[in-house]
């Protein structure tokens, strides 16, 4: 079976690469993926694959860290100029840039595959030895770049769709392919996980391309140290007063903020594992001689587990609230992103390993990838696990390190077909074995 | 009339001095004045003057800064040993060491005079040139001393009682004489003021002896800069935990306290006048390697006016409360003392001035004494003023400075008869003019 | 004599008003007064009055709060476009926009008069009842306005120059007229005071127009409560690090800043009088998940006296320095402005009062104006006083309040001729009596 | 060989138990072990074993956390009353309560064994089922108890001395037995390690008894997670001033302390492993209305490694120093204890394992004891390792948990002979194999 899959995928390699280069050339930041999503939709339609999109595949209030309406409007116009599909584009407007395709039917084991599609606010390298530059598909959008490989993920996702469609008769139950926006900043995963689209899903497979360093053909079938995180903004609003003439009339948002900052950094470390709370950026006040009436703090917590991160978040919130009360200030909290920790399941990892054994190009298959970072695929993974299902997060590509988020980042394009073989093969093996 | 008063008072000078030396020899701290109060009661009874005492003359819950029951029990035993009146002593037990004598009747203008009777935790000088030591009536109670002249106040009060009793037929309305405990630390005034004993009183006269420096015969008929103050203890109670093994399980009372301390000191100064909040003493924690679970702060606020002090107190309380919430600690506040600001009335000051003109020994009569300190006579003064009455706070004695609260403090005893003449004369003048 | 002065000044009223409206229409912020200063220079030259300007009249390093070079260059171009004198403009370039005119000679008592010439970053009212708008001379420079009356000061200064020139033969010694830039933010006074131009000066007269409210003809011949102040920026520079991966490698500028902020606000108030230290604005950090490596604080201290302000400044600096050391950060301090307190001299106030008696339009002459604000004329005043001379700061104009720094601020133009009479008359009286 | 050792040790079991009960009955806190040490010395002398003691076996300045002279004097008197050896006692006076015995000679591999001898400030249980109480050898010293088994360690050490003396002819090089005071609070180890007594030593063996729970015969031949720690006291000395009258004259030690406390707790966690800094106890100030002039902080740092602990200590010191400078206070630091981390050597652990195999009573021999605590044996261990030697820290006794430092703590006395067999056997095996 896998041999047939491998052969089919080899036959569509040019398509996969073309998609990747197209996405790479017109990168879009999180919640702005109008062009990207509309082209995915157009391709799915062309391939005869049914899908849902836009407001259907998100729980609206769980989306985090949305850009301003003005930014979204401006980006929408650019997307249309840059070739967004005019039929589908409107359906993704205002921060609903996700798609869920469905292939197969029956009452066999249900599967979801998840691919993220957003780019980063990084200016792409113009070095002549940078492959996208050399090949003429470097970013056209200034200051934005696919420097984390999500262009590849989107292309792999489309390749998997085409492959599974080709082998649809083998499928014994629906396989859903999630194209998720706004993974950067862990902003989009939660809202797709809570959309209802995962209901009944028994297996969730996600993963990430490694950067082009060393030989390709590397695969870690599970990941460890996926950290839970919360990203929130806190705004203290007090009351201005002339610092000299009537200091007693003010409500000092800066003192509230300073108190909160010191105490957030003093939250006791959790003996259960890694735990960090950080205030990274502050803007407060407008004039030297006025009691400061407003302060904005950008805060992040990270914990070894969801429980530890919850501990940090709860303490952070309590400190912020008390600091506001201390200075009789209003406090406004807005969540800008979050992710959970997650344990990968050996059962799925084993299936990945077995499939990889039948894909000759995989030269190193391991299970010990230490992420030491966060991923909002965890919301989808944990949702499935809470339903009694299994989940894993794979890392695949080249053997080199994770040099992501750099202007010269690149993937090895030949790793994409391997991934299409792997994801497709796993879905087929789960449903056919 | 005043001439007759002067003559009578001169005739009882030995009594006044004897009382003063008796009280000086057995000084008692605030709320411990069992012996002092019982001897005052005995003398009033001997003089045929009716009085109320103990629980009758306090609003129980308004008493502040009471000693521990153990301390009160121990002191009670000592008072009995040192000659407290066994009949009256039990009535003052457990922190009710006040008396209100009443002389005169009728529906003329009602008057209250207030004298405080407590000593200080100061070890008296044993220098041979210290008058009480030289004369053999220095303190018998180690570490306790009448170094603020309240022994003289008590003796003056008794002299005034005897004098007014002598001239009782001239009185056109009741004159009440308040013997108040626990002025040091401003702990006793509020509860006497709210006891109901001031109901209907139209004039309140209080005052203080200056220290024996320079010639005697000084009188300031009113005082300025009587500061409002609040003295409170705050106890944070958190939860201990091993700082190494499980820091996340603790509730850190020390961090709550440190946060409160910094922010209390950062309360904006009030542009309306003098305003200071101070945390003067802290004890927290028991062991180096445990999350500190308890912290006690001794706090004082002082303001140019009651309104400014209320501002400081309200901010202090809000900060303490928020700091407790920040660390999920319990907070317990106990008031240890308080006093208000007060404006003296010119009408009463003028009466004092007129009477003083008829007491030849007064050689300097002014109206500009700047107290820059606190007095809980203000509670009685303001209570009377709120009823539409008048009040003043006089300073009288020697011309020298206010060298109070020192081991070598002393009064000029001859100033006492002047004061008896003055207080008695004022009462008679108010009711007879 | 004063009658002749009055008559002459009445004859030049139109000139004074024309100058004021010209300056009002093209307002320039502190250190940008290229057009204003160049037109003053041109007028002085036309009037045959010798003067020094630019780098000659400043101690370069004592200038504070200079704009960026880019801003100065841009403003210079605009000034030329708006009619700056092309001969003089280059001499004021790069933050040297001051002039000192000299009239008279001889060895009589030397005098300096000081007028400030800068505008404020305020958008002028476009209301039809706003006089400058109604008369068509409202600000042409968006966001900039003469809303503190320095347009009037400059015009008065020119009027005084013309008048004293007219009466030059009466003068017995040099009278110097200082046209000072950048009074707003108290940035320019110190550098003119230390330039050497005040050497030998025995009398210094400065003052301010009040706003157009109530009848005109008000004069306070001296001011009280001129507060000392220091305005400084503090920049902490630490070291960034990933808050999650290697927090121990960072040097946290935000924690240094927060610690400094809390402790600066906790500097003990000074019992000697008004004392406030305020951090009014903070910007720190760039990203949520990085250890913050830079923080900028805008700070102001204000004290009842130079000594109290020095106390606040010294404490502020010590706290900033220690906070930097606490986090191993670099600290950079830049002074953005400062002013001293100053006591006005009765001798000069009396002269002003005498002159005002001979100017019939003055209907209210007092000496009790409470400034409760800062002025960098104090540097010039104190410099003269340190030389043994006398100084005063007058307030003159309408009887209404100090509604300065508002979009609808205006002066009563008729107060300008009164001021020209007053300043000129004082100079003549000092030298001729 | 081990069989002969086992047999000999069995023959002295009564002695070992008698020593333990003697020490248990008269427990002495760290640096007070006058009686304990003098009886050890007497026993060594009786057994014909040479030893050094007192000032000879410490580097004086490296001793930490010494009691006050008054406490040492009082305890010395008690020790004499309770049977301290009058010949040796004076040699241990003033905090030099250690002994180093030496057995064997030759140029074979040199060995040091280390036993600690101090008790804890814990009141012993009087429950009838508490073995020492039931057997009549419970603590005679109120509030002091051997609740950590160091009575057993001392007895084992004496048993090992007797045993090695018996087999002295087998020894090929000196074996030194260290009896160390003041392990509680990690105060005594450093000064013995730096005394010079370890020079040339190639093997260092230390260990600890587990508490009497479950079956006896447990042995862990090496330990992990031996944490580095520093215990220090910091005293801020500022300057008092009346908080109301002259706050500006004070130097506020409490604000310095509060600032230090918050920032010490905010030291970034070290990504390299466990890292905690804690301020556990604070006393500051004397009166409510005075600027606090003194504050004492009890501080502890703990790190997964010596490097991490050094990081914490360096940051703590820098924060303390900066906080003192911030308030112009003096800072005094005194080290109260410290310990290093240490890696046990497999070579020595293997030897322990081999010996244990020949001691039938050992029923569970492992190598994974997780200490998660500190021990100042690490100073001796690291000293030997730095010389190129090997070291291990064993845990032996019953299988149950580490319920130490409790009023009902007890050891299983039969574990002591096992330990004597083990230590003796290891020394013999090292030198004879």
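Which chain is which? They are A, B, C and D, in the order written, and residues in each are numbered from 1.
Throughout what follows, a contact is a pair of C-beta atoms (placed from the backbone, for glycine too) under 8 Å apart; a residue touches a chain by one contact, two chains touch by 3 or more.
Keep in mind it's a predicted model, so treat the numbers as computed, not measured.
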Next item on the list: Moving only to chains each one touches, count the minimum steps from chain B until you reach chain D.
Entry: 1
Item checked: Pair joined by more contacting C-beta pairs (B-C or A-C) -> A-C
Notebook entry, point to check: Relative to chain D, which chain has the most distant C-alpha mean position?
Noted result: C
Next item on the list: Could you give the separation in Å between the centres of chain A and chain B, each centre being the mean of its C-alpha atoms?
Entry: 70
Item checked: Between chain B and chain C, centroid-to-centroid distance (C-alpha), Å -> 52
Notebook entry, point to check: How many angstrom lie between the CA centroids of chain A and chain C, rounded to a whole number?
Noted result: 56
Next item on the list: Mind pulling the residue numbers of chain D that touch at least two other chains?
Entry: 244-245, 247, 252, 255, 259, 262-263, 265-266, 268-269, 271, 274-276, 291
Margin query: So in the complex, the part of chain D that touches chain B is made up of which residues?
Written below: 227, 231, 243-245, 247, 252, 254-255, 257-259, 261-262, 265, 274, 276, 278-292, 295, 298-300, 302, 336, 372-373
Notebook entry, point to check: Inside the complex, what are the residues of chain D that reach chain A?
Noted result: 262-263, 265-266, 268-269, 271, 274-276
Item checked: List of chain B residues in touch with chain A within their complex -> 244-248, 250, 252, 255, 259, 262-263, 266, 268-272, 275, 291, 311, 318-319, 321-323, 325-326, 328
